[in-house]
Each structure stands twice: as structure tokens, then as C-alpha cells.
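In the part that follows, the structures are each spelled out as C-alpha cells.
The following pair of complexes shares a single chain, chain A, combined with chain B in the former and chain C in the latter.
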Partner chain A sequence: MEQILANGVYLGSQYAMIALGLTLIFALMNVLNFAHGQMYVIGGFVTYTFYGQWGVPFVLALVMSCVTLAILGALIERYLFAPVIKGPAREESTMLLAAGIAFFLDAVILLVFGEKQSGVPKIVDGVFNYDFRLIMPYDRILICVLAILSIVAFIGLMQYTKTGRALRALAQDRTAAQLMGVNVDRYSMIGFALGAMLAGLVGGLLVTITGVNLGMGGATSIKAFMMVMIGGAGVISGAIWDGIILGFMEAIGLALLYQYGDITYLLIFVSLMIFLAIRPQGLMGKPWG
Partner chain B sequence: MFGFTSKQLARVGIFLFMIFIGVPLIVGATGRWDFYFTLTSVALLAIASAGVWLTFYIGRINIGQGAFALIGAYVSAILVVKAGWSFWISLPAAGLFAAVVAILIGLPILRLRGVYFAMITLVLTQVVTLTALALPITNGARGISNIPLPSGISVFGIPILPDFAAMENTKLAFYYTACILMIITYAALYRLVNSRLGHLCRSMQQNEELASSIGVNISYIRIVIFAISSFFGGIGGAMFGSIAQSVYPSSFQVADSVNFMLNCFLGGLGYVFGPMLGTLVLYFGWDLLFEFGKYQMLIYSTILIVIIRFLPNGLLSIRFGKGGDK
Partner chain C sequence: MQRRSLIQAALTAATLTAFGVTSALAENPALKIGFVGVTSGPAAAWGISNQRSMEARAAWLNETGGYTIGGTTYDIEIVSFDDQKDPKRAIAGMEKMAQEGIHYVVGPNVDDGAAAVRPVAESNGIMYFPYAFPKSLYQAPASNAVLGMVANYQSGPAIYKYLMENKGVKTVAFIAANESDPLSQRDGGVAAAKELGLEVVSDNVTYQVDTTDFTPVLTPVMRSRPDLLVLSGVSPANAPQLIRSARELGFQGIISTETAQDAGVLAEGAGDLAKGFISVGGASTPELASPMMNEFVDRYTEMFGEYNDESNTKVYALEYILETLKAEPSAIDDVEAFKAKMDTFEAPNPYMNGDAKLRYVGMSSFGQKRQVAVPLVVNVYQDGAFETLFVAEVD
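And then the complex of A and B:
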């Protein structure tokens, strides 16, 4: 039981971080970022290159992941999404653009980093063992703590800084924010960069445990979409809650149904569909986003 | 004739001539027999894309067509392999089964809109793949292989369809079958769009509340449309399984669902024949870029992004000039 709870917290904190980035981008620009999983993979590969191959300290490698993704996110927003959103076309074209970018990033990852599964050496050795009831390697605990710290830092940023206030205003009502003197273009770019950065950070953190490979991108995107839906698209607190909920569901499901393999995910998906049929706007969302 | 102008009739005539006589002549002249397989795939994917286009027509972004294509492929394969049905009966059965599933799933999820509907249909693709892995009848990850080729049909001793297994050139036969199916699909789609139902769909695309307030039964129409859309998906998938002679849970994945959506967008959502052109361009483009080896994906996705950036209303908007940025 303790083990399941610990696994739940561990998975939940990671998922919450992935969902946060996606939901931030969605709240700000009404863009469903299909490329989120690919950004996560790039973050993982950057940390792998710096920490695993060049021997740079882990924290520095994480920072490099964040910086790379923030720049990438800013460029994508500035030169691809912003003109398409401003254009006269229907809003679905942003979704198409996001899918195109996902393909593009996949191709880039394939060319630059190859398709092999890549892992890095452990950052801390040893296993935390409490009476054989709760067994958790120290590096997992460290990653979990780092993830929770990043989430707290992110919430602090959103709540108590000028940038955060501007971003929240944008998410609530774009036009009103503009009328109040918020530089919409600039903060859209910052918001997108921030969302991409979060994806990169999770990728960098998780590369130490699960490693990273090209195929992870798509699967991560689907999980992130699910979490965003459970919590209600574009709601920050919802994203954290549903990350934790999904983490616990997966931990419990894998513990109870491990002999059936993939059936856990099937059950999670099906229960999600039933949940959404009853409450289409998610846990905390406004109806119809 | 039937309200068509002679110009339209001439165009349809040229199109049919190209498909049934032009292409075999070109293939025969150049000796590129692999083009048959490519074009057959294009025709079948275009059928499934037509379904996605139809759900766009009522204002829903459908990224779940891969799910129904997979359902269709499995239903047909199981009926042929395990129940010993003729493929030609299993084909409509697969379509109908997909439509029934669509009605059951559509009842709750069609209440969702916009991004929410898009995301849940995406999840649906994943659900069907996982179900196929978990159920015993689908053989899990091993899938169903060695599906026999379609057998012949004869009514009162007169052969209507020849036995595919006895033919020496199945590629050509499959090509013709797929093209005929595609033409029927698009004719039906054209008819539907220009019918009373099509007008009602357009009213829903613009504003569901308004349509509902003037007496359009929106919940009934969206279920009907979603069922027809999934029927197309099921037919396309079943035919695909028959040509590949095998079905696996990975035959249609999330990426395929996304591709169906891309086909529609790229061809142009405002035109009935948009998805056909979009499928042709995307699939053929992908095939032609094979020459570039490992840069294939990079070039392909760059072209895709450029098209979306500069032609947001689809390829057909060049021809018709109906784009917004005149």
C-alpha cells in the first residue's frame, strides 16, 4: 500500500509537470500543442548529451534543456503560431500546424540524436528501503522532489510576479488584457516558451530514470492530452490535480492488474471517456473551454 | 443532366478516364508496377478521409478515424478467417459494425465540441488499439495474418466478381476495386452535401444553438453524420486489411488518425473533393520523397508546415481563389 502511494506521488508529480506546460499553452493561445511530447523528448536528449556524453554536471545539463526548449518554443510561437493565429483562416489550422511541427521535430530528433534508446548514469546510487514495505531508489526520490519544487516555483511565478499576472490575464480574456495594456504578442511568446521549457525540464529529469527514445514523444502527448481533459483544458490547478490523479490511477492499476499488461491503460482511457461524457468540461474547466 | 453543367460532366468524365484507362496505360508504359499499390492505398485512405471531412462538415474535428478503420479491418478479417464469410459480404458488415460503434460512442461524446472532441477522438484511437491488444478474438499483438484473398461471387451461375486468388494480376484488380469504392464514396458524399441534410449540416457548422432554435434536430443529425463517417472509415480499413492480407493492432494508430485529419485540411475543408486531393498529394509526396533517404521526414514536414503557413484554406483554394487572404 505504501509502495503504491509512493509510486502514485512519483508518477503524479511528473505527469503534473507535463500537463502544466500543455495547459499553459492551451490557456494562452487556444492551441492544442501536438508537439508537446516531442519537446519533452528533445529536453531528454539535450540533458543526455550534456550530462551523459560530455560529463557536464546534471543541474547544468537541466538548465541547458530548459534554455534550449525555451528558445525553441519562443521561435515556434513567433514565426509559426503567431502569424497563423492572426491570419484569417479557421482556428483548426493551428491544430494542423501543431501536428506538422510534431512531425518536423520528430525528424530533427531522428537526424540529430538517432533512434536508439539512450540512458545516462544514475545521479545518486542506493535504494531507500523502509522495512521492505516501501522501496524506492534514491534517484527517483530526488527527481520527484525536484519535480514538486519546479511545480511550486511555477505556481509562485504565476501568482506573484508581473509576468505571471500578465499571463493569467491573457488566459482569462485576451481582449480585456490587451485593453489593460498587456503586450499580448510579447506575453504569448513568453507563455509558449515557458510551456515548452516545462516540457524540456521534465524530459531532462526523466532521462535519468527511464532514458529517452524517439518513440516516447507521441505516447507522452496522448497522456498529456488526457490529463488536460480530466482537469479541464486551460486551468492550471486542474492540470496539477489531474496529473496526480492519473499518476495514482496508473500506480494502482499497475499494482493490481500487472498480470494483464496493458489493460490498465485501457481502463484508464475508458473511464476517462465515461467521465467526460458526464462532465464534458473536466474537473475545473468552464463549459466549452 | 441531373442538374450538372456540361463542363462538370466533362471534368468527371476526364477524371474517370484517367483513373480507369489513363493510369493503367501509364503504368504499363513506364513499368512502375508499384504505383498500383500506392494508388490503391491512396484510394482507400481517401475513403476514410472522406469520413473525417464529413465530421468537419458539422463542425467537429475528428482525429478518431483510425479507430474505425481498425475496427473495420478487424471485423472483416474475423468474419472471413473465423466465420468463413465471403469478403464481399464482410465488407459492408465491417462498415455497419463501425457505424453501430460510432452511434454508441457518439451519443455521449458528440456533446463535446472543438478541442475537447478532437482530444477525445484521439484517445479513442488509442482505446481501440489497446482493446485489439487485449481481446482474445483479435489475437493480441500477433494480429490476424494469412487472410485469404477475396473470393468470387456469382448469381445464378453468372460470375459477377472474379475470384481474386485465381487471378494472376491481383494488383490491378485491387486497384480497380479501390477506385470504384472511392468513386461511390465521393458520389455519395457529393449527393449528401447537396441534399437537405447537407444544408442542415452547414447550418450546424456555423452555429449549433441557432440551428437548434429554428428546429433542426442537431443531436439526431450529428449522430447520423458521425455514423456515416465511421462507415466510410470501416470500409476503408476492411479493404486495406484485405489487400495487406493481415491486420495488427498497429495497422491504424494515432499517427494514421492525425494523417486522415491532415489529408482533409490540406485538400481544403470547403470542397467535397478536397480530401481526395489531400490524400493523393500527401501520400504521393511521401512516396516521392523516399529518394531523399533519411531526410524524407524532414523535407515532408517542412513542406507541410509551409503549406499550412501560406495556404491555410487548403490546396484547392489556389484553384478556386476562395481563400481568406486575397
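And then the complex of A and C:
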């Protein structure tokens, strides 16, 4: 039981981090960012290059991942999404644009970083072992703590800073926020950059454990979408809670159902379908959107 | 490193295109040989070693004047298609080969891809050399596929027997990804282990193909405390993560797989934790390698900036195709002539020392000669590189 709880917290914190950036972008701009997984992969590769290849301290490499993705996110919003959103195009245009960006980023990753799995040296050696009832490598504990601290910092930013208030206002009602004097264009760009930065941050954190390869982007996006749908599209607290719920579901399923084969995700998807049929707005979303 | 390799490869390709290939093609007719396999994603290392082996060997042949079959000297042109490990794309790739009039194709790399392309290959007169293990591909009535390596049901028993006799292994656990190749390899491994008298303590734990953190997946396997953990059909991307998680969970036994791995990926992903990891290696060792094999390795390394041990096996498929065509020139457009020649074909093996022969085998496994004869080399990973554990032969 101790192991299940520990795995649940560890997986949950990872998933919450992955979902946060995606839901933030959706909340601000009503854009389903299909390229979120690719941004995560780029974050992993930037940390891999700085920390794994060039020997730069891990924290600095992590900062580089954040900065790179923030700049990339800002550029994508400014030059791609903003013109499409402002134009008379249908809403699906942003989805097609996001899918196009995902394919484009996949191609860029292949060209720049190659097709193979890449990994970095462990940031902390050793394993916490409590009588073989609870086993957790120290690096996973550290990553879990860093992920939780990042989530807390993000919530703090959203709650207690001027930027956070502006972003929340934008998420609640774009027109009203504009009427209240919020520079919508500027904060849309900041919000998208922040969402992309979160993808880069979690990619950089997890490359120390999972490594990184080109194929991880699509699978990461699917998991992130799943969490956003259950938590309630565009609801930040929903994404966090659902990350944790998904982490625990996975940990419990893997620990208790392994003798029946790989049915954990089958059950998770079935639960998701039933849940959405009953509550289509998600756990914390409002029925009106 | 990878970026540099990529740029290096691109420059090499550009240079070859601009100077070498173009001028050579102007002199000799081209003999197109296809490759359909996975060169992107988690299993990319398998297909890339195929493609690069073929390109390196073709460039070498073209540089030395081409390859003569039935009095005509050809330049060898490799036509490649990345199937992304997707059977639908593999079919599209094989159809592309058919449209280009290609009769000899290397690949695909995995079971479902190899099974998917069978109708296309058979209806278009294409012989193909998969790196996939389903026996139905090689047993009658199938006749167009030729296994390009040693199958897991041939290497697995050899590895288990070696470990039982030399390391005192008595219990074994299997873990596999939830997709066709790894699951069928797991089932084959479990059957072989039981037949040898090993106690199988866990064989029902599987993981999602896109799993990135294996600690929760491996926890129940570790509770069964096996002497040997077999990573059935594991891809080069997942192997280091599985090894790392198993070691971090306190597993001190032996870890093995029947698939080929990449030492560089293991070094990066698992570091010293991968020490002692056993896998099927490329079909060569320093003792077995002939001067021609050594030159191939040098040329490959110069061309692509790195070398994958698995290419010691992957170099053979193209050689078998060309040597068989040389022995039976009419087969260049007629795969039935190629099939007929396979039963009696024999030629010196240029990549091995001594009097080793290129010949088709497979009578005991498939009832017909539908496998290339290459030595089974089992490796153990030590300090960033593979070392030979033992060498065996299979039919």
C-alpha cells in the first residue's frame, strides 16, 4: 500500500505538471494545443543538450529549457495563433494550426536531435528503501518535490501577481477583461509562453528519469488531453486534481491488476467515457463552458 | 553528437549525389534494392542500422566500379521507406517498391509490419528479408520472405541454457510491451524456458508501448524475485529505462533480451546500471570479423559518424541478395528463379574469417530454406560497449 501511495503521488505530480500548461492555453485562448507533447519533448532535449552533452549544471539546463520554450511559445502565439484567432476563420482553424505545428515540431526535433532515445546522467544517486515495502529512487523523490514546488509556484503566480490576475481575467471573460483595461494581445502571448514554458519545464525535469525521444510527443499530448477533459477544459485546479487522480488510478491499476495483463489503461479509458457521458463538462468545469 | 552525425550524413549524401553517384549512374545501369522499415521513433535504431548498412555497402560497391551480375555491371541504388513501425505505412512502402519495379526488399523490422506486407510482396513478385519472427512468414505456403537474422525462438533457448549452466539460473520472469512482437516473443520465451526446466515466476506483466517510467510497472515483477528477468522484444529506447528501474528497485539478478540493442543508448539511459545486460548482438566478433568486415565498419563509421554493433548482422541481407543474383542472373527480374536457387546456393562469406559460407538455412524451424545463415552472437554490456558472451550456430 505504501508503494502504491508513493507511486500515485509521484505519477500524479508529473501528470499535473503536464496538464497545467495545456489547460492554461485552452483557458486563455480556447486553443487545443496539439503541439503540447512536442513542446515537452523539446524541453527534454534542451536539458539533455545542456546537462547531458555539454555538462552545464542541471538547474541551469532546466532554466534553458524554460526560456527556450517560453520564447518558442511567444513566437508561435504572436505570429501563428494570434492572426488566426483574430481573423474571421472558423474555430477549427486553430485546431488545424495546432496539429500543423505539432507535425512541424516533430520534423524539427528529428532534424536537430535525431531519432534515437537520449538520456542524461542521474542527478541524484541512491534509492530510498523502507524494508522493501516502499522503494523510491532519490532522483524520483527530488523530481516529485520539484514538480510539486513548481505547481505551488504557478498557483502563487496566478493568484497573487498582476500578471496572474490579468491571465485569470482573460480566462474568465476575454471581452470584459479588455474593457477593464487588460492588454489582451500582450497577456495572450504571455499566457501561451507560460503554458509552453511549463511543457518545457516538465520535459526538462523528466528527461532525468525517462530519457527523451522523438516519439514521446504524441503520447504525452494524449495523456494531457485526457487529464484536461476529466478535470474540466480550461480549469487549472481541475487539471491539477485530475493529474493526481490519473496518477493514483495508474498506480493502483498497475499494482493490483497486473495479473490480468495490461488492462489498467483500458479501465481508465472506459471510466473516462462513462464519466464524460455523465458529466461532460468534467470534474470542475461549468456546464455552460 | 547526433546532430553532428546527421549533418555529416547529410553532407556525405549530398556529396555522393553531386559527384559520385551521379557520375557513376551515368556509366552503369542501376539495380534498385528496397528497404522498408522503422527509422524513426523508439525502435528507430533497428531500421537505421539496416538502412545505413545497405547505403554504406552500396556506396562501397559503386565506388569500386559497381556489381557485376550476368555480365552487366550495375550501380546499386538503395530506395528507402520509413514505415514508422506502422503496418499501414509498411504496406504503403512495399507498394512504392512495387511501383518502382523493385523485386528485392530488406525489411520490415517488426512482426505486424512483415505480416502486413506479405500480400503486396507476393502479388508483385517481391522477395523480402524481414527481421520479424512469425513462423508463418517463412513456412509453406509462404515463400517470398527470408528471415534476415536469428529468431528469438532460436536465440532464447541458447541464452537460457547458457545461463542455467554457467550462472545457476533457476527462475525467470518475463515482461513485455503490450503489442504483437513483444507478446509473441514473450510467449515463445516462456515456452522455451519451461521446456528447459526453468521455473517461470512471472509472465503476465505488460506495459503500454508509450510508457516512460517503468518503476510502477516493474514493482510486482520484482516481488517474484527471479534469477533472470527477460525483457521480451524490448525496443532500444525502452531497454535502458527498464534496466534502470529494475536495478533501482533492488533487482540483482541477470537481465536479458533476445532483441538487438544499441550500446550508446544503453550508456546514456542506464549508465553503469546496464552492466551485465545480455542481448543478441550483431553477427560478428573481433575473432570472427574478416578484413572486409573491418573495412565495412570503418566505411560505415566514416559515412555516418557512429557504428551500431547490430549492423554486423544487417550487412548480410544485401550481400545475400546480390550474391544470389550473381549466382542466378535470371533472378534479377524473376523471383521464382531466386527461390529455386536458394536451395543450392552457397558462396564464400566475405565478412567472416575461415571458410564460412553464405547459405540459406531454416529447414528445422520452417521446413524450407527461408533464413540467412549468420552466426548467433550473444553479447553482454560492459563499460559502455558490448563484449561477446558466446557464439553459436542455428539452423
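The rule is short, and it goes like this: the second predicted complex is superposed on the first by the 284 of 289 C-alpha atoms of A that agree within 3 Å, B and C clash if a C-alpha of one lies under 4 Å from a C-alpha of the other, contacts with A are read in each partner's own complex, and residues count from 1 in each chain.
Keep this in mind: a contact is a pair of C-beta atoms (placed from the backbone, for glycine too) under 8 Å apart; a residue touches a chain by one contact, two chains touch by 3 or more.
As the structure is a computational prediction, the values presented were derived from the model and not from experiment.
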- State whether A:95 touches chain B only (first), chain C only (second), both chains, or neither. first
- Message: A:83 in the overlay: touching chain B, chain C, both, or neither? Say first, second, both or neither.
- Response: first
- Task: Please work out whether A:34 is in contact with chain B alone, chain C alone, both, or neither, and reply first, second, both or neither.
- Result: first
- Which superposed partner A:110 touches (first chain B, second chain C, both, neither): both
- Regarding the shared-chain residue A:159, is it in contact with chain B (first), chain C (second), both, or neither? neither
- For A:269, is the partner it touches chain B (first), chain C (second), both, or none of the two (neither)? first
- Contacts of A:277 with chain B and chain C, given as first, second, both or neither: first
- Item | Which of chain B and chain C A:172 touches, first, second, both or neither | neither
- Those residues of chain A which chain B touches in one complex and chain C touches in the other: 110-111, 260-262, 265
- Quick one: in the complex, what on chain A touches chain C? 3, 7, 11, 14, 52-53, 110-122, 127, 129, 132, 135-137, 140, 206, 209-211, 213-216, 219, 250-251, 254-255, 258-262, 265
- Note on the structure: Touching chain A in the complex, chain B uses residues 56, 61, 105, 108-109, 111-116, 118-120, 122-124, 126-127, 130-131, 133-134, 254-255, 258, 261-262, 265-266, 269, 294-295, 297-298, 300-302, 304-305, 308-309, 312-313, 324-325
- Complex interface listing, chain A residues touching chain B: 26, 30, 32, 34, 80, 83-84, 87-90, 92-93, 95-97, 99-101, 103-104, 106-108, 110-111, 218, 222, 225-226, 228-229, 233, 260-263, 265-266, 269-270, 272-274, 276-277, 280-281, 288-289
- Query: Residues of chain C touching chain A in their complex?
  - Reply: 1-3, 5-6, 39-42, 44-45, 48, 178, 204-208, 210, 212-213, 215-217, 219-220, 236-238, 240-241, 248-250, 262, 264-265, 268-271
